[in-house]
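Got a structure for you, questions after.
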Amino acid sequence: MTATTRPTTAIAHPTPDQVVVRGFDLARDLIGSTTASEYFSVLVTGERPTSTQVKVLDACIVALAEHGLVPSVQAARMTYAASPEALHGAVAAGLLGAGSVILGSSDDTARLLASIVEDAAANDGSMEACARAAVQELRSARRPVPGVGHPLHRVRDPRAEALLAYAESLGVQGPHTRALAAVVDAIPAIYGRRLVLIVSGAIPAVLLDAGFPARAMKGIPLIGRTMSLVAHLLEEQDTPIGFALADAAGREVDYSGPAPS
Amino acid sequence: MTATTRPTTAIAHPTPDQVVVRGFDLARDLIGSTTASEYFSVLVTGERPTSTQVKVLDACIVALAEHGLVPSVQAARMTYAASPEALHGAVAAGLLGAGSVILGSSDDTARLLASIVEDAAANDGSMEACARAAVQELRSARRPVPGVGHPLHRVRDPRAEALLAYAESLGVQGPHTRALAAVVDAIPAIYGRRLVLIVSGAIPAVLLDAGFPARAMKGIPLIGRTMSLVAHLLEEQDTPIGFALADAAGREVDYSGPAPS
Amino acid sequence: MTATTRPTTAIAHPTPDQVVVRGFDLARDLIGSTTASEYFSVLVTGERPTSTQVKVLDACIVALAEHGLVPSVQAARMTYAASPEALHGAVAAGLLGAGSVILGSSDDTARLLASIVEDAAANDGSMEACARAAVQELRSARRPVPGVGHPLHRVRDPRAEALLAYAESLGVQGPHTRALAAVVDAIPAIYGRRLVLIVSGAIPAVLLDAGFPARAMKGIPLIGRTMSLVAHLLEEQDTPIGFALADAAGREVDYSGPAPS
Amino acid sequence: MTATTRPTTAIAHPTPDQVVVRGFDLARDLIGSTTASEYFSVLVTGERPTSTQVKVLDACIVALAEHGLVPSVQAARMTYAASPEALHGAVAAGLLGAGSVILGSSDDTARLLASIVEDAAANDGSMEACARAAVQELRSARRPVPGVGHPLHRVRDPRAEALLAYAESLGVQGPHTRALAAVVDAIPAIYGRRLVLIVSGAIPAVLLDAGFPARAMKGIPLIGRTMSLVAHLLEEQDTPIGFALADAAGREVDYSGPAPS
């Protein structure tokens, strides 16, 4: 590595007297005048978000963070029960389940919506036609449509509705929200049944329409889930259920292998 | 397990039509009217925090989240460079460094301050005497005093100063802040030198004086660090330095074992 | 850091032509002539183990690695179901449960046995008396006796019996095995009931008597568990049960918080 | 879930008196007569491997496990320095770097070799032609050829040579080893330069030719790396270098963001 190619970071520069973050003086410019969500946006984008963007971001984190004993919370509570010396380890175990199938769905939806919007703009086509084409393509590839369908919320996802209504009340409505509606409308003709618009679909729609960069979408579930995991692990300290969860699940499983000779 | 001892959780109860969180209807009561920090407080305590508590919590998260290429950020960036298919895995790797030595220090300080305050109240003693006794005890046990001393910020930690000043401007001042000052004042006579009050000392002082429960302290660094890690990993996507960091560090290490015969 | 205090490692030194590990030439001296267990011992101790040590180490890893759908396996399978792009992430989630309560128990037993043996040697006391004192001390501190008692194997742990018998057949018997027997014998008088000697008690006894260093004990469960986790996650690819486990467990839990107003 | 679709596992079935693993009685059939590598093979495949398969498996684990201060080891040592209460957490952090770029390469090579062999068999084509086609396809897709090229071992990788020679000495030679040689030979004409055959290429070649199932390939680096990480973390206890590594790396990085106004 030569002097001209030293590695760089544009995020932070701590010196003995000052901590510079994204061009701000942390102590002077940020502490006390910036909320957590706002700061996350500064960290990722390098710029102060608008007040509307912060509101949308907060609403998204709140909408997604907590949904009871989902698999990642169960994994974390079992981990903490077995390893109570490391709360942060149990949080890490929970975050490891924030992958493509569950929480990564926001990320996939963001890409889907962005591509439909781009497609419609580039070809001067209707959003409806582009959404139909995108859904048809997913169907043909036997891949699920992200952002719709939930095993529990089969008729409506109240979180998605609340989030879209809130964004509308802030004047945040745009092509990505319309693309999402078009996706939902395109599904019955292609799949033969309606699929419910869910929170991990609504989140990228309102964030993208609020001007939040698509690439930062994955931060939302990770921050929200960290909050949820800490709450569950503190409850586990007082009301341990981690081992009971594992026992209950274990009782439901049969051994299907051979018996010893 | 009998019917009378079924495991319970008081955090959330999702049903097809409604997601109940801590007694609130998530869609109706929380989405759109609650910030991320406020929601974290609801999740942990079951109650809406005061507006002042939310402000203090936000300031603490902002103060602690980002400090450049600290070990946990480096670990996460190296992990992501080697495993770019799993951003959440690299976040988890980073959080695994949020242990006792670095980020756990807030937690330790919380316990120290709470015990000094309790001690002073119980024995009608002066805060100064109780702080001296506590510091002396740590010294005798050869354990470090948490909340003071930083390898970079040797003269002052601007984050701690900003946080304490902000809390004071909100009227948040109380026994834990005084206990912290007493700890700092007690050090020179016992250690023979001044140690700087740092941000992981100021955070528990202001949170406890704001009425935030001590046990939830560990959530602050974990939430803040998750935000920071996401920002660093998104930067790593564009400006990869993970392998360069490992190369640079590796060059500084000598092999001290035997040579092959 | 000055030139005289450069960091060092004695484990490995890769050069373009040669990889030196613990003073051996990896390609010339180790590949093809060393088993996995033997290599682990070389990595940790810097020396080739005896053939008996390798046999004991293999038997310990085999005894501990697999025990069905224990909490850490369930956590890993749930994690993999939600994040199938990262098998190594699910292994990591499983290992995060290899903490003090479950797998760390080998480590705790090792310390207990070592201290009883040391005690008996130092004071020329009987192993029985030293074991009784140690058990009494744990009881007084309300801490569990490590290495005994299992929720499933209440009458006998066949793994512990097989391991001790195998070690005996190799001539590996010594003070730590005797100390373990003394601990088991001391329990009824102090606890009012017999507790079964379990595999995580037998492992440190035979390893220590075989001359394996106590500090390396924690490697045994981690290596064994990694093997088990990989097998379970490959099964999860073909026969997914991760979400079913979470569903089954979730059904057993009641919400104990308030209802929304 | 109805009674007919209860989840199943074929790996293990512990009862009070017996632990059944893959149809074997763990205590009677496996402890004492099975090495760690052999047991891993039993766990994954359900069958006892041949003695040659065990030898190849051991050689592969030994060849891959340790290579000095690679990024995942550095990440683990930094994590442990910051979180010394959780050795298993630091192992998990290290394994999180066992992803696609570094250790996943064995997995990718396995797929490449299997597809070339299948291709040659199906079309009665020459291995050379099929390898050329496969390499050309990777080149066109701008994807790296797995199993070749190393930043340090630019002329030869002694581990790969030793492993292939050992396998040959065992009579393990077959289509996958020939496919690998064909890949290496195809590269110069397509890339304009020779690329060195490396250990993560040799491992899948010999394992597949030994009849080890391709899907289990990812276990090799994970088991080996766990062994290596435990050794490094025990060294870190005595000779801490985790923070020194982070300091050294941090000094090489420049801040490229704006200065505060």
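A, B, C and D label the chains in the order they appear, each numbered from 1.
Operating definition for what follows: contacts are C-beta pairs under 8 Å (C-beta built on N, C-alpha and C of every residue); 3 or more make two chains touch, one makes a residue touch a chain.
All figures in this text were calculated on a predicted structure; none of them were measured in a lab.
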What are the chains that chain B and chain C both touch?
A, D
Taking each chain's C-alpha mean as its centre, the one farthest from chain D:
B
Thinking of A-C, which of B-D, B-C or A-B forms a repeat of its interface, with over half the contact pairs identical?
B-D
List the centre-to-centre spacing of chain C and chain D in whole Å, with centres computed as mean CA coordinates.
23
Between chain A and chain D, the Cα-mean centres are separated in Å by 31
Roughly how far is chain B from chain D, going centre to centre by Cα mean, in whole Å?
37
What are the residue numbers in chain C that touch two or more other chains?
1, 7-13, 18, 25, 28, 68-69, 83, 85-86, 88-89, 92-93, 96, 98-99, 103-104, 241, 244-245, 248, 252-253
If we count contacts the way the header does, which residues on chain B are in touch with chain D in the complex?
68-72, 74-76, 78-79, 81-86, 89-90, 92-93, 96-104, 241-246, 248-253
Which chain C residues qualify as touching chain B in the complex?
1, 6-13, 18, 20, 22-25, 28-29, 46, 83, 85-86, 88-89, 92, 252-261
Can you list the chain B residues touching chain A in their complex?
1, 7-19, 21, 25-28, 30-32, 34-37, 39-40, 43-44, 55, 57-59, 61-63, 65-69, 86-89, 91-93, 95-96, 98-99, 103-104, 152-156, 158-159, 161-163, 165-166, 169, 215-216, 218-219, 222-224, 226-228, 230-232, 234-235, 237, 239, 241, 244-245, 247-248
